[in-house]
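Let me begin by handing over the structure; questions about it come next.
We call the chains A, B, C and D, going by the order they appear; numbering starts again at 1 in every chain.
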Amino acid sequence: MVTLSKSRIEALSDGVVAIAITLLVLELKVPEVMSHHSDKEMLEALLELKGEFATYIVTFLIAGAFWYLHHLTFHFIKHVDGFLVWVNLIFLMFVSLLPFSSGLMSHLFIHPVSQFFYFGNMLAIALLLNVHWQYARRKHLIVDTEQSEADRLSFRVALTAAAFAASFITAIFFPTYSWAPLPAFLLVGWILEKTRR
Amino acid sequence: MVTLSKSRIEALSDGVVAIAITLLVLELKVPEVMSHHSDKEMLEALLELKGEFATYIVTFLIAGAFWYLHHLTFHFIKHVDGFLVWVNLIFLMFVSLLPFSSGLMSHLFIHPVSQFFYFGNMLAIALLLNVHWQYARRKHLIVDTEQSEADRLSFRVALTAAAFAASFITAIFFPTYSWAPLPAFLLVGWILEKTRR
Amino acid sequence: MVTLSKSRIEALSDGVVAIAITLLVLELKVPEVMSHHSDKEMLEALLELKGEFATYIVTFLIAGAFWYLHHLTFHFIKHVDGFLVWVNLIFLMFVSLLPFSSGLMSHLFIHPVSQFFYFGNMLAIALLLNVHWQYARRKHLIVDTEQSEADRLSFRVALTAAAFAASFITAIFFPTYSWAPLPAFLLVGWILEKTRR
Amino acid sequence: MVTLSKSRIEALSDGVVAIAITLLVLELKVPEVMSHHSDKEMLEALLELKGEFATYIVTFLIAGAFWYLHHLTFHFIKHVDGFLVWVNLIFLMFVSLLPFSSGLMSHLFIHPVSQFFYFGNMLAIALLLNVHWQYARRKHLIVDTEQSEADRLSFRVALTAAAFAASFITAIFFPTYSWAPLPAFLLVGWILEKTRR
């Protein structure tokens, strides 16, 4: 079995994430207001984009969090094999889908179906990140030192999946509250990490 | 003759592949359904995109497979020369064309001409990958060790070209079955690799 | 606490900056002049884009300057921690917004609101660059040598924020002159650096 | 004076070139032919894009050649200074403009103004590459060995600028023949390199 260096899958991941998060901005269409309009009309045209802006910021931050977790896993991973490359490629396929999911969310903010799709996309990314990390640990592809740090990362990656699973399920039954689990899980994770030390 | 390091052609390749596979998502247009529509209408609007989704997933996975094979060849390549740089640039030119070929395929799924163009694009990429790898082997630009691994890669790269040649030819005579050779060749390759060990 | 290598946040930054500055060109729409039109009509169609061209060039150069300052800070930074990663991600979120701000500016060149938004975007980037650099210095994440060079960079980064703050405030009260502070601050910075040596 | 490592300006360049050449494909619009159309109508719709395809291929290859020359210069360059970073940023600004110039060319293939703009863009890139390389040589930022190889690169970079200057001037007086100088200069360069050895 060829053991591959991890640098190129990191480079491809950085490239795909960078493009996906930069394409998010294409959902923000410059309003077609004429220059003779008043400042008030112009501001109103920008304020009409507030749903798109909120989706842009939130999706960017979530994608940033996924990239950071991915970065942390590769901090421990020594080298990769064929299975891990494919898990990463499918992970990137769902990351690439973010501009679509984000567009769906920002155009149809209050619609259950778009929330279902959006959180489904996020959940798929989170689950693949768990498969990627657990596989690397089981197959001993990671460095031996820093066992407790690796455990802490396992906890974080699992908690992320749990948070998006909660949002995904909430989107089906109570669409109005589908965003609520995210800050709740973030708070729980933060408290647990503080008390653990 | 200057022998160039391989890192920048790898970086350019990772960049072009990352962008090409991320641009595939632009074919998925967010449906223009209003928020007052029912969940059922919304789901139907998304289901109408099923051709585009199938093309997105398949093209992403094929492009991922090409990137992986390209990665594997550079695992063995020590350094590059001018000819190899140009083969790689033309390889990337066809990779860049994927969002167009994919768009053609997803809009006109059942049309022979779009299948002909799509598989022609894939075949061109596969053939250039063979030229790239065989040239590197002949010119002794690769590391000496792991002869059997290099042979195995030659087999894989050749089989990929054969699979797309089969799809390309099938698209002319039996367009309905033009996708069939891909899983068939994948299965044959998998069995041959298993029995070889 | 895990100390992370800086290479991947550099790679993500290079990717996001490269994409954001390349997407600026999408604001330049090819004029729909027919081929049978005279050379004069064609030239006029291109000249009508002069606002878009000016915005393209200026935004590209400003983004280039931000990238260069970011590059210089990482020349001194040894490794990163979680807080620094998040400051960088939010920095990149505002860099990603540049094609939108630039599009707003080029379509509505003389409008106060678009200038307010454009310089607000630039100011946010400049302030985050200051937070990033000052945090790295305070937390001793940078190399020990070259103290005077690090001081000089602190001065440059602060001056950049001051310049955009001046443009931002000018845009509210005297929108016609909102660009004026930039060359003025550039000149002041250049003179101060010359006299310091 | 801080001497900077060359790796990040290489990374940004690879990113910008990768994106610019991949965005070229967006000029190729998928024809809006319905699936019930005949194969002949479909082929005709694709053939109508032949101008766009020719521009895509030629622009990709020219951009590839510029990237290759840029790569070769950095093969010799040890480290960079502030001036070199700015020359490279302006170089990248003109590379980013390629999708626009290419779009202008492909929509208005026979029009003198679009040829003038297209070759002007190419000439600007070629001249900046000369400034970049000559500055690096004069300031002794390059490795000492391989003097004859550095001379050969100076010749190549200068010849490229001469070729595009010839096309640019021809575009003004004899637009029909503006492409002719490129293969002519390529041939001359090839013969001169062969006879020199």
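Just so we're on the same page, contacts are C-beta pairs under 8 Å (C-beta built on N, C-alpha and C of every residue); 3 or more make two chains touch, one makes a residue touch a chain.
Because the structure is predicted, anything quoted here is derived from the model rather than measured.
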Chain copies touching (chain A, chain C) - same or different residues, decided at half shared: different
Equivalent-chain rotation between chain B and chain A, CA atoms, steps of 5 degrees: 90
Between chain C and chain D, centroid-to-centroid distance (C-alpha), Å: 26
Interchain centroid distance [CA atoms averaged], chain B/chain C, Å: 36
Set of chain D residues in contact with two or more other chains: 11, 15, 18-19
Interfacial residue positions of chain B with respect to chain A in the complex: 10-11, 14-15, 17-19, 21-22, 24-26, 28, 30, 32-33, 35, 37, 39, 42-43, 46, 56-57, 60-61, 64, 67-68, 71-72, 74-75, 146, 149
Touching residues (chain side chain D, partner chain C) in the complex: 2, 4-5, 8-9, 11-12, 15-16, 18-20, 23, 82, 85-86, 89, 92-93, 96-97, 99-100, 103-104, 107-114, 117
